[in-house]
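Please go over the structures that come below.
Below are two complexes that have chain A in common, paired first with chain B and then with chain C.
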Partner chain A sequence: MKQQAAVIGVGQTRHRARRADVSIAGLCREAVDRAIADAGVGLADIDAVVVGKAPDLFEGVMMPELYLADALGATGKPLLRVHTAGSVGGATALVAASLVQAGVHRRVLAVAFEKQSESNAMWALSITPPFSMPVLAGAGGYFAPHIRAYIRRSGAPEHIGAMVAVKDRRNGSLNPYAHLQQPDITLESVRSSPMLWDPVRYDETCPSSDGACAVVLGDQAAAAAAEAAGRPVAWIRATSMRTEPTMFAGKDHVNPRAGADAAAALWRQAGITDPAGEIDAAEIYVPFSWFEPMWLENLGFAAPGEGWRLTAAGETEIGGSLPVNPSGGVLSSNPIGASGLLRFAEAALQVMGKAGAHQVAGARTALGHAYGGGSQYFSMWVVSSTPG
Partner chain B sequence: MTYVTQPLRAPLDIGFDYTRSLGPTLSQFMTALAGRRILGSRGADGTVHAPPFEYDPVTFAPPAELVEVGPEGIVTSWTWMAQPLEGQPLPHPFAWALIRLDGAGTAMLHAVDAGSAAAMRTGLRVRPRWAASTTGSIRDIACFVPCAPGEPGQHAPQEHAPQPVTMMTSPVLLHYEHTASPGESSYLRGLAAGRLLGQRCPACGKVYFPSRGVCPADGVPATDEVELPHTGTVTTFCVVNVPFPGQRVTPPYVAGAILLDGADITFQHLILGCPASEVRMGMRVRAVWKPRAEWGTTAENIDHFRPSGEPDAPYDSYARHL
Partner chain C sequence: MTDVAVVGFAQAPCVRRSDSTTSGVEMLVPIFAEVLASTGLAKGDIGFWCSGSSDYLAGRAFSFVQAVDAIGAFPPIMESHVEMDGAWALYEAWVKIRTGDADVALAYGFGKSSAGDLRRVLALQLDPYLLAPLWPDSVSIAALQARLGIDAGLWSEKEMAEVAARSRAAAVSNPRAQVSGEISAEELGTRPYIAEPLRAHDCAPVGDGAAVVILASAERAPGLCARPAWITGFEHRIDSGSLGARDLTTAPSAVAAGRAAGAGAVDVAELHAPFTHQEILLREALGLAGSVRVNPSGGALCGNPMFAAGLARIGEAARQIMTGRAGRALGHATGGPALQQNLVCVLEAR
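For the complex of A and B:
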């Protein structure tokens, strides 16, 4: 039988374009130190470490987990590396959670990072193998045609993407850890920013960030001890992962089956029948603005073709009926490997009541979500202020 | 099975000059190397680690102090590199050795220019041969060389303290031999003959272009070859305005998802022959091939797709391929 597990500590770096003052190890350690301090434990209290990052080509360090063991306090303990492209931060949290839920470990540290300034992700994502036609151009070039397909399929007005960008960047300005601080962004400024991968504009794309995130997960006894000491925890109510091929005949790139199946399993496990009514805050992996309405539909918050209406009505703002990415989301900070874990961690912060200026008032149940590859990996969890 | 026995192969060479932010500990180490000195870090248990750790493997704390070690040391183990590879410290045969520097409790890996394997042994005393000019890199130690018996230590620090080194560049070059799958190879050989060859999955009946050899949905070998026409429909597209290193087509250009007539999956190619603003979902297109003399086993035989002039395909005809 599955054991109770909870987030008992959260830490992250102040995400920046370039953290030239620290090595990769130092960057990770900054997040780890904050997470264990938040949990009120020391590294000696951690039983196992799970680490995630995007593909090695991004920094050109092969298997960085090997050299990070000391920095993560993992020497003499189990250390696992998770590898699911952009969703890896979410998958890292879920692997760590499973080690606690299985009753194997009492406290597990999940760490994810990216130091994008050491390389060029556009280059790393655009290697053209022999015999093929070199037309792809990074993640934006891959996803822009699917965004066009969403707009055509849903009939969404053209300004929805810009609305998401304005909301997420303004939310980011409430979050001191967010990379982009743009409190003065407007619909007009987004719509006049350069068109990069038509229909995706510059201000509708995620930044390149250096950053790390760490989360301490504890079993029921560890969580109860934290609560007894006056430290709020986020109880994990449901977890879900699904995968599908990047390309196959019949793949729905706008509403991928793996994402819909993962969400359905998640809500079932959490006992949630009306996600839009029962989720108080959602941290969804939105690297390009239009993915907010797309994933609202894929996750079952809205019927197919209707997700943009929630955005248009302001319901996804802080104060709306379903605040999405109150932290500023991937559009405000994108240390790729860490971006998924940040979604999961920010969902936890909301139900712990520790989200500061971007706190959703009274949030008791929150979603953390990540996807990766060509919409092929999906991971998500539901956390609550009380055990499920 | 219609597979040609030999799959196609070609080299894939990629490279990038990665940067490394060194952080406080490794910054001191590299700065010292620029001054022809070697530092180690003293652990909580008293062991001096050289090269220095960033975090103590026992306490996980950053090192309290860095101490100078060496420059001489002894070989604790070694192996002979009879045929050096590109990028290695020496162009002629040398030893890879674990070297414990005087004052250190751990060994570091470096090259020993010993002349021959016969000159190598565990316990051999060695000293660094410094690079003619130093930059703050492990390569400031060009290699180690055996100490002559009775030879005094050659410790020759630079007279002026070097500028702090906080960043280094680490060029990475990767050489792959890329092998196409048998299914992809038959598709590529078709291209070399001016033909567009796909495969039909025997389970779901879907036609894949390019051929893959296996249906990704059913996991079964796709054996039926299907020749497809040179016309199709643009299901969706983006206009690429972004330059990036290594890009082979100059922006702006239209990257389209093209559904060949009779195929059940799209592939990416260039859409030219009309202004980018006129490309639309449902536009009918035709392949424009390069001159036959330039053909090879590559998707680049098709220079681009251009509008065919036919009426647009109705949305419902391709909606399920989005």
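For the complex of A and C:
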């Protein structure tokens, strides 16, 4: 049966628009060095490495993990490269976790990165091969109609998106690693920023970031050893992944079944019957502000059409009943391939009590969530301060 | 942890140019139907799906996302993807079954090399700052490796031609092979070089294809296959990406993976060697005795669909067991320039 697994170390880079001070290898190594130091282990203690990143066209390097093997300390070890679109950072953590849960390895290093400044993501997403539907205006143009559908369906007031942006950017200003540092952002400034893809304004959109995240996962013995040495760990209580096609008759882009199914399986596995009551902090993949209320519903934190009420009431702020993205989330840092792993890692930091200025007081159980493709790839985990 | 067995395998014809899109759907649909029929499974019985492919080969972002259309993934499925040969997707599927999250899993790989210039595309796998800008193509890098081995006395052009002749003769009985035929090593040795010391027969043909393998837990396997191919060792390793830092006449990652997986004492081995000298190198690295039958399918030298050929090697090795032609078999897959990354799967009958 499944072995216990836990996060025993977390590291990330300072995310910026352009990290011209480091190569791709240097960027990854910055996160890896922090993660293994945090775990109190050396690279020699790592049994296998799992690498995740979004499309290779984002840097213009085919399968960059091949060139990165030395920098990641993977030479002579097993290395897996995961790619599941925007959810890849989450999938990377889940593949690494499964290696421990299957009893194959004791300590696994998960690394995810994106160095967007090396290429142009908008271009990479806009290549139109034969027989494929063009995305044209990048991710924002693709998702804006789904957001409009959500607003129409739920009757949400139009300022909800701006409220999410203000909250996440202010949270990001509490996180020294976050790309955007905007402590003075206001509802008025967001609502007067340029409209990019109606109804998504400039300040409601994720940035393009260079950044990396690394997580060390350990088995029960490795986690117990860390705890005995006074290092808190985050026990993995449940994991879940689901996929559905991009387009099909009856696809619900606002509330996709793959996300709802993944969440239902996750809560069941974790023994959670009241997610809104039992989750102390949630790191949810929100690249455009309106996805906060949409995913609150998809994840089962609120009934369909009601998610925006949590946001409106301030319940998703730090100090609210369900803090969402205390780290600042994807709206504050978006190294795409790493963005999912950052959500998973920030959830772990919360239950380890190591989130610093954006710590949710007393957080014991947290959600990490990522999605990708045309709202069709979902990965998530629940971590706790105790094995549960 | 449960034991896991291969219970099904299917492969699309290896062809120079298929009518498929680069997302592989047209190559995958028929082989999904074939492998499900052979095991009596329905789509809904698959607890975990995992694929291997490359966006760069497809010339676009997210090619694997469109490949999911070959499944018909609604209701939603548990699925993942590696940007590697499908053999590593099979590894992930094997891990998944061992966690207990699935009892039947399907791995697939696909590649349409005909959509681009493969030799140049693969140059983009190299160090992007120092090496890739020089565009050293994949055949030229393999030629450097072949030359180093010849100079070290590890193999000769004659022995390389013998590998090609034996592979092509074996492929005559493989209806999915792209290249086959009876031709002598002596005659091959008179052909012109394409990247000295490599001649055309020393290099895998460029082409399109796909492969699929189904795995099942100890509980499920016997009901799905009369003679399952039980996995007794499944290991992979990677070497440095810096070509100048490696001894190219061997592959430490293959040696280590083979040792950990128990590569010795097999009846037959399917080696993913896209160049003739690499078969000789791998036989040595994996410690295969001279009596081991190598590549009865013809191997990658007779059909090398990128991101599927490694998975097909494991499928072919498993088929040797499932059809009773071997008791113990080895499947091998490689990735990266000059055998940088290697995977070994050892299978046996029970």
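We take it that the second predicted complex is superposed on the first by the 381 of 388 C-alpha atoms of A that agree within 3 Å, B and C clash if a C-alpha of one lies under 4 Å from a C-alpha of the other, contacts with A are read in each partner's own complex, and residues count from 1 in each chain.
Keep this in mind: contacts are C-beta pairs under 8 Å (C-beta built on N, C-alpha and C of every residue); 3 or more make two chains touch, one makes a residue touch a chain.
Owing to the predicted nature of the structure, the values given are computational and were not obtained by experimental measurement.
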Contacts of A:Ile127 with chain B and chain C, given as first, second, both or neither: both
Which of chain B and chain C A:Ala264 touches, first, second, both or neither: neither
First (chain B), second (chain C), both or neither touched by A:Ser23: both
Touched partner set for A:Pro245, first chain B, second chain C, both or neither: both
Which superposed partner A:Met1 touches (first chain B, second chain C, both, neither): second
Which superposed partner A:Pro64 touches (first chain B, second chain C, both, neither): second
Touched partner set for A:Thr75, first chain B, second chain C, both or neither: both
Partner chain in contact with A:Ala224 - chain B first, chain C second, else both or neither: neither
Touching partner for A:His83 - first (chain B), second (chain C), both, neither: second
Chain B and chain C footprints on chain A, overlapping residues: 23-24, 59-61, 69-70, 75, 118, 124, 127, 129-132, 245, 248
Contacting residues of chain A [partner chain B, same complex]: 19-26, 29, 43, 59-61, 69-71, 73, 75, 115, 117-120, 122-124, 126-138, 140-141, 144-146, 148-149, 152-153, 194-200, 245, 247-250, 252-254
Chain A contact footprint on chain B (complex, rising order): 8, 10-12, 14, 16, 18-24, 26, 53-58, 60, 166-167, 170, 172, 178, 180, 184, 188, 201, 204, 206-208, 215-217, 235-242, 244-249, 251, 253, 255-257, 264-265, 268-270, 276, 281, 297-300, 302, 315, 319-320, 322
Complex contact set, residues of chain C against chain A: 1, 21-23, 49, 54-56, 58-62, 64-66, 68-69, 72-84, 88, 91-92, 95-96, 98-101, 121-122, 124-129, 132, 235-242, 245, 252-253, 256, 335-337, 340-341
Interfacial residue positions of chain A with respect to chain C in the complex: 1-2, 23-24, 54-70, 74-85, 91, 94-95, 98-99, 101-104, 118, 124-125, 127, 129-132, 241-246, 248, 257-258, 261-262, 373-374, 376-377
